[in-house]
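Each of the two complexes below includes subunit A, the first together with subunit B, the second together with subunit C.
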Partner chain A sequence: MKNGIKTTSLSRAAIYILLIILSLPILLGYLWLFSGSISDELEFGIVPKRITFENWRFLWSDITIGTKVFPNIWPITLNSLLLSGSITLLEVLISLLAGYALSRMNFPGRNFILKTTIILHAFPGVALLIALYYVLNYIGMIDKIAGVVLVKVALELPMATWMIKGFFDEISWEIEWAAYMDGCSRLQAWYKIILPQIKPGIAAVALFAFLAGWSEFIYSYTFIFSSENYTLAVFLKNLIGDFRFLDYGLLAAAGLFYMIPVIAFFLISQKSLATIKFGGIKR
Partner chain B sequence: MSELEAKILERVTAKKASMEGVRKFFTALPFLGPFLFLIILFYLVPVILTFTMSLTSMDYALEWNFVGLKNFVRFFQDSSVKIVVLNTVKYVVYTLMINVGFGFFLAVATSYFIKNENLRLAFQTIWMLPRMTPPVVYALLWLWFLDPTEAGTLNSVLHKLFGLPAQNWILNHPMKVVIVANGLIGTSLAMVVFSAAIKSIPVDYFRAASVDGASDWDVVRHVIVPFLKWPIMFMTIWQTLSLITSYEYILLITDGGPLNRSEVLSLFSYHKAFSNYEFGYGAAISTVLVIFAVILAVVMLKVFGYDAIMMRGEIDEKRDKDHISF
Partner chain C sequence: MEVTMMNVVKRFGNFKAVDNLSLTIKDGEFVALLGPSGCGKTTTLLMLAGIYKPDAGEIIFDDKIVNDVLPKDRNIGMCFQSYALYPHMTVEQNIAFPLKLKKLPKKVIDEKVREIAAKFRIEHLLKRYPGQISGGQQQRVALARALIKEPNLLLLDEPLSNLDAGLRISMRAEIKKLQKELGITTVFVTHDQTEALSMSDRIAVMNKGKLQAIGTPEDLYMRPKNMFIAGFIGNPPMNFLEVGYIMDGDRVTLKGKNFEISLPEEISRTFIKKQNNERIVMGIRPEHLSVGAEAPNTIKGEIYVVEHLGKDKLVDVKVGDDRIKVLTGQDFEGKMGDTVNLHLDFKNVHLFDAADGNSMKRVA
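Right after this comes the complex of A and B.
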């Protein structure tokens, strides 16, 4: 028995050490974002030697390299906010409607729609990029933020709807029945009685929709060409193209600026993160 | 009752039922309308379009010039396809191994070996970071970490620890870089799914094992692994599906280079369409991927079954039973 305990604590110590060693490079990377953004010289890659705010100059002046002038970051930040805000609003609204119908209504084709939703949930929409380009061009939404919003909402809908359906499934039928007794229509019951019950679920879906929109890169990069419609992701990608090897400090600061919503999200909702994010997948 | 009467009655009932179905569908339509509209416009139509475009020599002008199976013939004759397919297989297999293997290690380490709740949370949060980071920033971290000069982080660490000379990692080992970078992203997903599975194992199993004097390794092998069989299978199919079609991180870190050495099929299709403006050929490559992805998705559902997840709305059960009509 004593021997057994000894092995246990030994293996436990080995696991700890291994975990720490493996986690270090990741921590190092994120530490660098912070220290690199406020210093022009680093020791051992991450320890700041001299503090400077020069790297954050994109906040108050235009970035130039040679004769090339990068667009000002504030309108672009606004674009990103507009994009993620619209995605959040549409995705939440549409998935609330559809999730309700799929959870609590019975109609022909329901099983088919449910199965399709699960398949689409697993299906990576990015494989359809070329055709999506054609569709957007056809409906006159190419090179527009609204076009990217529609595509992104559509591609995230199966996942969001599936999660929302799960929340609706938990609500007892009696509550809804009472609403009908009081003379509510289905739409009224949905809005007045059911929705308030799943507020936390709605908040979770909204948060993830916003972050997904904020991080979105490939669709903005492919479907938007005019610099006045750029989002932060595209801006940063272009910045990296020109300043890589030249000015990592600037890139760290810009990257950190772009990360602010993600960091805020991490600080606010650490604990519920894991369970909610993948709740939709594992059922 | 005559035969005719019975037949008429049957007809009437059937008609009533179908009318009822139509009526129910129209009750649901206001709720489902926007959902169906977007799904049709951005999933169904693009799938059909991808197939159709693959039969054309469409270019940037987006005109339909049908050329039959020319694109597919070209695909099988294209000399770079061989390299790209080989890269894709390597990429999917090795990344999957990191995803599942390392994800399993992280799940067992954090959910079984670490008993302290805060410490567990801290480690799991660290490993969630790559997944939650916007792809462009994540790519930036890799470019910085692998900077080819002597001052580059990995280079200077390796130099200080082992006296190794500086080297250009992305140029010399593009495939390895891409695999590790993508591996870390998928690892967190596997970690979370496996951790949830480990937590759902009844405590009695662990108690019984400890009464029998089992060591930690015995517990992992004989209690945890059998319970994780299904989640591991699920994760493998799920990740294969997304690895085969997604290329965002590769595009950002190596862009398939140098000289196609880290180009995978999905990125190849992207480059054909959006760098060379060969939309038809790009769509043909996508078609291959889409067919593969659909088959995989259907197989996944067959294997894991949707019967368990297919529940009729509770309210409808009740309504049908009590013959209530809205």
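Right after this comes the complex of A and C.
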């Protein structure tokens, strides 16, 4: 018995050591980011020499690097929130309707749609940049946040729909039928009976959509030129822009600022996210 | 409400789930749809519910064809095998849901919920969620939800099959009593003949999408129309023995490989006559056989195995290649390998045409 406990605690220790070694590079990276943002010089790579909040000055004043003046970060943050929020809203709404249809209804072309949506997801979005530019330009959506929203939603939607479809698949037909017997129309059954049961799924899709929108860079960078429509990702890129005057402290602080919502989201939702099963490839 | 199904057909792809079904259920009647799994009984129920639309034929409620009426407009109460309670609502919200959709005032709803909860003895559960109550309680909640809107038709899809044995017997009586009290037309789907026999006014037996027979429990048990019904109704099932039909004047003799039975004249008269030496099937239930002394006109065999069923014993008797099951009293002392003589209760002998399986009983 004693021996058994010993071996389990030994192997447990081994697992922990392995995990620590594996996560060390990531931890060190974050540590550097954090220390760098609150000091003007680092010792041994990660130990702050003197604490200063000078690097966070972008929060209360305009910043100038070299000769370049950067706009205030708050309107840009608002743009990022607007972008991610719109993407989340549209993606959740459309995927809830499409996922229901793909899970519950039989219509010609259903299998074709199921197969092609997944191909669309695998398609590299970068390859579409030029074509998308033409399209957005043609419909007058270039240099607008709404244009980026449209593109992003279109490309993220297949995956979201598949995920949501999996959640709908888990709901038994009997529950839906019971709702009809009780007097529900199809739409009522959908939002009164079925949606409340896939809340965790909706939360997961919303979270992923928001994070995808928040970290969106390539489309914002390509399709938006006016600085009043910049998002945080573009702002961050521009901070690096001129290598002669690169301010690492400022970059670390801005990077950390950019990460705050992401970290907050995961802290809040990690427990419920961990319990979600992404099963459901049934048809 | 009277329910009529006329030549109803339902196909799934090439598979005919329900094949030309015609059936009338009288107002206030309790009808069981009985059959093995996959026989189309649940499909039939779902067509009555309006979930499935028949491919042909008509479904008529009183005088109105309802083929195209949506489930929500049919005023039907339904109780599913899985109960299908809404997990995100409390018991109270579950029961109130049908009335809420009808937009009744909150006071009326509360009143009715309390009333029906008292009837089903679930008042103390109203604030709980379905996941927090037992299977038997969930079943009662599902029934309460189905009945609160005072439906014209109650549909029950294997409502007892998820309950344990003791609860099943008490719910059987309770549902039957409730149905008679409310006088509500009820269709009940089951694969368990004991449930069907004990609860319903009439039983519709289905097989392979076709209606095999409809009748009172007694009808189906005493006068089965064909071999399927005879074998399906009754537990343990009826024994079937292939025999030759031999007629000598008015005297009918059934000749098996290892036995010969002469039917008394008053019995043989109740069957239609056949050609001499034609092959037919004799059916006799285990409860209509007894073990007795060696005598003419009995079947001699050897005990193969004896099963204890509690209140009686089921004796498996080997007669040549055939095996015959006999129900005996608990005091039967025969052992494996003993030679026994089986006496037939001739009033309860059934004869069937070997070719089409139809009963040879004359229709009175």
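FYI, the second predicted complex is superposed on the first by the 237 of 283 C-alpha atoms of A that agree within 3 Å, B and C clash if a C-alpha of one lies under 4 Å from a C-alpha of the other, contacts with A are read in each partner's own complex, and residues count from 1 in each chain.
Heads up, the rule we're going with is that a residue touches a chain if its C-beta (ideal position, glycine included) is under 8 Å from a C-beta of that chain, and two chains touch if they have at least 3 such contacts.
Worth saying up front: this structure is predicted, and the values here are computed from it rather than measured.
**Q** Between subunit B (first) and subunit C (second), which does A:Gln188 come into contact with in this model arrangement: first, second, both, or neither?
**A** A:Gln188 contacts subunit C only, not subunit B.
**Q** Count the residues of subunit A touched by subunit B and by subunit C, then name the partner with the higher count.
**A** After superposition, B is the partner touching more of subunit A.
**Q** Please indicate which partner A:Gly241 is in contact with in the superposed arrangement: first for subunit B, second for subunit C, both, or neither.
**A** neither
**Q** Which of the two partners, first being subunit B and second being subunit C, lies in contact with A:Pro196: first, second, both, or neither?
**A** In the superposed model, A:Pro196 contacts subunit C only, not subunit B.
**Q** Touching A:Tyr180, do we find subunit B (first), subunit C (second), both, or neither?
**A** both
**Q** Both subunit B and subunit C touch subunit A; at which residues?
**A** 172, 177, 180
**Q** If you look only at subunit A, which of its residues touch subunit C in the complex?
**A** Touching subunit C from subunit A are residues 172, 174-175, 177-185, 188, 193, 196-197.
**Q** Looking at the complex, which residues from subunit C come into contact with subunit A?
**A** Touching subunit A from subunit C are residues 46, 49-51, 70-72, 76-78, 80-82, 84-88, 97-98, 101-102, 145-146, 149.
**Q** Touching subunit B in the complex: which residues of subunit A?
**A** The contact residues of subunit A facing subunit B are 1, 4, 7-8, 11-12, 15-16, 18-19, 23, 25-30, 32-33, 36, 44-45, 93-95, 97-98, 100-111, 113-116, 118-120, 122-135, 137, 150-151, 153-155, 157-158, 161, 169, 172-173, 176-177, 180, 186-187, 190, 211, 214-215, 217-218, 222, 233, 236-237, 240, 244-245, 248, 251-252, 255, 258-259, 262, 265-266, 270-271, 273-275, 277-278, 281-283.
**Q** Which bits of subunit B are touching subunit A when the two form their complex?
**A** Residues in contact with subunit A: 21-22, 24-25, 27-28, 30-36, 38-39, 41-43, 45-47, 49-50, 53, 62, 106, 109-110, 113-114, 121, 123-130, 132-137, 139-141, 143-145, 147, 149, 153, 156-157, 184, 189, 192-193, 195-196, 213, 215-217, 231, 234, 238, 241-242, 245-248, 251-252, 266, 269-270, 273-274, 279, 282-283, 286, 289-290, 293-294, 297-298, 300-301, 306, 308-316, 318-320, 326.
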